[in-house]
Amino acid sequence: MNVMTAERPVTDDKTPRRMVDREVADDSCHIKMTARDVNVFYGDAQALFNVDIDIADNEVTALIGPSGCGKSTFLRCLNRMNDPIRGCRVQGRLTLDGDDIYDPDLDPVLLRARIGMVFQKPNPFPKSIFDNVAYGPRIHGLASDKAELGEIVTMSLEKAGLLNEVKDRLDQPGTSLSGGQQQRLCIARAIAIRPEVILMDEPCSSLDPVATARIERLMDELSEDYTIVIVTHSMQQAARVSKRTAFFHLGKLVEFGGTDQIFTNPKDQRTQDYITGRFG
Amino acid sequence: MSASAHNAGSAASLKRSLASRHARERRFRRLGMLAVISAIVFVAVLFSSILIKGAPAFEQATLSLHVTFDPAVIRIKPRPQRIAGQSPADFARRKRSWQRSLALVDWNRVIETALRKTVGDADISSRDLVRLIASAERFRLRDMVAKDPAIIGATLPVNLLASADVDVWLKGNIDHSLPDNRQQLSVAQRRIVEDLSKRGILHMAFAKALFLNVDSRSSPASAGLAGAFVGSLYMMLVVIALAVPIGVASAVYLEEFAPKNRVTDFVEVNINNLAAVPSIVFGLLGAAVFIGWFHLPLSAPLVGGLILSLMTLPVVIIATRVTLRAIPASIRHAALGLGASPTQMVFHHVLPLAVPGILTATIIGVAQALGETAPLLLIGMNAFVAHIPQTPLEQSTALPVQIFLWQGNENRNFFESRTSAAIIVLIVLMIGLNGLAVFMRQKFERRW
Amino acid sequence: MGEHIVKTYDEELSGLRTRLAHMGGLAEEQLAAAMNGLNGRDTALARNIIDSDEKIDELEREIEEKAILVLAKRQPVAGDLREIVVALRLAMDLERIGDFAKNIAKRTFAIAEERPFREFGSLNRIGRLALEQLKNVLDAYARKDAEKALSVWHADEELDSLYNSLFRELLTYMMGDPRTIGTCTHLLFGAKNIERIGDHTTNIAENIYFLVHGEALDVKRPKGDTTSVAHIDYVEK
């Protein structure tokens, strides 16, 4: 069990969070994305209040919290998928490798080529398995010829742990696969464009336990090369797969720290109440 | 009350209400059946009345004669050939004079000769005799010779259309017991008609003329729908070429790209209202704008097509928007998440899935436009047009307008059934188009 | 802390706590009875004590079973997880305390055969202290009072020093009057059992601290027991 030596002030709504008190599990980790003072509004209703968080490189960070707490909203901020939502305003500063991702000169299309997304319900295109995975590289011009494209597709399918099951039926429609396979196909599709960060919005919530376990194993493998941020309703899953966990409640970031510490000895009473099932 | 007693109480009241609920459901189902049956009955009555009236018109009285192309009557020189060293103008002039000589031939003589052969020495004037044949048939003989002058001198079996009066007499569309001064055929004509039909020379044949001939007033038996077909076809082509691209593009823009504000709401309301505007208003608009301002030719299929496009546009836009809305947002999100631009998302993913819906909307819109009559009347298509239009800019008529014109023809006992036959043709076309729409929807439906 | 959304979860946890309280009560009774038995050389009481130990063992089995079920069914985290782990450890410690009380009772049979011995004072003192420690620690567990647990933890030092002096005292008696060797040896073993009870009580105190604070007590336990290296001076008579 980690004995945290850094003392944190008791968090309440009025105390402003101080940067220097932020816990860092070890000094050698590199910060991939940051959020500072992020507020998000849907019309007049505010969904996120002053969120500050650091996403570390090559690690899995989990966002947990009860329904409507803003974790999915925050996830969508990271790759500007809130832009197409009418009436959604994002304030604050979000960076990727230090660059502001809401810079008006930055094309969101390019941003989304570096930050991939996997959704709650598997949503393969109604095209063949090959075309599903090849779509991203095609539109971004990542392959110079058909052979290279084929290589990218096979490599992505293999990384997603799907190649063995589909290698002899790549021309079948993507929708003919089972739920777990479809989700892995979506993951393959996302990693085919070689992103740096992968965002996952409750990727296993519509899958059975075996498919879920496969995806969790995949996350372990992928986290060596990618930064992963996952929103999950299952606390057990967050405890299993992530290195750091952020607990959101009513639009505020209540606690953020190492997963081991959060699940054995959380600092905030609200975190404790949520993860032990005393409210939620 | 204990739990089981409570349950027993509610079970009893459940049973009571169950009976009335079932009764209500039965009543509702019966009402529904009644509605469906009465609708079917009405449609059946309508269709069968049309069918009964129109079916006889698909057969027409025809005479099978042996026609001698007597060179004594057909006194023409051989067809001019192009001579080397001759100018094109000269050759054209010679051809025209040859054609004129062909036109000046007394074809009625040829017909009369052929008829006399069959009726022997019946006491009938030449005029009455020739009147047994539809007057436009002599042009058919002329066209046969023009195509192949070598038949001059030969005797060939030819099927000639009987005149409208003969057809009416044979089909019993005129009361045989009427006095002679109210009959359409003279006594002698009637005698010969009975005689020839007993001998089988005068018989019923399939009415090719209905489909292959243009409209005719001088020779009612020869009146056909060919001109109307082509006119309608040109108009449908114009509608498809205009309404579909503009409609689909507008719908895509409004649904996918346009910001949601008062302006777009206003546009949407207006598009919906356009679909409800009476068609005759579009006719007035077309007459004023296309013919008045742009000076497009009167009663041209182009103008009719333009007007019908305007009418079909709201249908296509609304149907396309509905189709686009039905495509799940998850596919759009997936495409955007991969870094596709909004345009790429629409054209690579959304539109391909919308194709069956758009196709269906187009076909249904075209089928609707096919049956529109009122606006076409206002741009002059109610004129009598007796040729097949070669280009969309020539005068023409359309199928529904042709029906309207025939319905107004004073020769009621002949045109009554012919009009119904034309209606049947129109209905068959529309059912065919709608069937095509259903077929294409089934074929291209993609599961997502 | 509020209640769990699932009521049966709370019921399961409180069932564990009740059983532990019961177990603790029984252990207290056994220890008190064992001391009385020694003092009064009451073999019937001693027999009772030995038979009653079965109840404590039974409770330990029950608690273990129920705790494992909660782990399997509820996947507890944070405070709940610590509560289950601590319940398992406490059950083990209380069961050992019960055993030691049983062992003390067994000594009653032995000294009942011997000559009467008057010098029970120190032994009773150490027994009372151990009993008080046990009472306090069980109290601290019931109220999740980490301060009280800490004070129990510190007081173990006193118990150990009492044991040291009792050890010397008994040695002195034995060296002075060899006829008391039998009784004193048994009393020595009894005292050792009491000292072991004290150690387990201190274990429980450490676990209560962990339960409340989520961190182990990071200080070395004061080991006052020097009897293992006690040097005995023989006085040649």
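Going in written order, the chains are labelled A, B and C, and every chain counts its residues from 1.
Everything below uses one rule, namely that a residue touches a chain if its C-beta (ideal position, glycine included) is under 8 Å from a C-beta of that chain, and two chains touch if they have at least 3 such contacts.
Note that the structure is a prediction, hence the values are computed from the model and not measured.
S.K.: Going by the average position of its CA atoms, which chain sits the greatest distance from chain A?
M.R.: For chain A, the chain whose C-alpha mean is farthest off is B.
S.K.: Using CA atom means as chain centres, which chain is nearest the centre of all the protein shown?
M.R.: Centre-most chain by C-alpha means: A.
S.K.: Go ahead and note the Å separation of the Cα centroids belonging to chain A and chain C.
M.R.: Chain centres of chain A and chain C, defined by C-alpha means, are spaced 52 Å apart.
S.K.: I'd like to verify one number: the distance from the centre of chain A to the centre of chain B, where each centre is the average of its C-alpha atoms, in whole angstrom.
M.R.: Computed from C-alpha means, the inter-chain centre distance equals 61 Å.
S.K.: Go ahead and note the Å separation of the Cα centroids belonging to chain B and chain C.
M.R.: So the centroids are 106 Å from each other.
S.K.: Could you pull out which chain C residues touch chain A in their complex?
M.R.: Its residues touching chain A are 1-6, 9, 75-82, 214-216, 218.
S.K.: Once bound in the complex, which stretches of chain A touch chain C?
M.R.: 1, 3, 235-236, 239, 263-266, 272-273, 275-280
S.K.: Per the contact definition, I'd like the list of chain B residues that touch chain A in the complex.
M.R.: The touching residues are 260, 328, 330-331, 333-342, 344, 348-349, 353, 446-448.
S.K.: Under the stated contact criterion, what part of chain A meets chain B in this complex?
M.R.: Touching chain B from chain A are residues 79, 81, 84, 86, 109-113, 116-117, 119, 121, 123-126, 135-136, 139-140, 175, 186, 189-190, 193.
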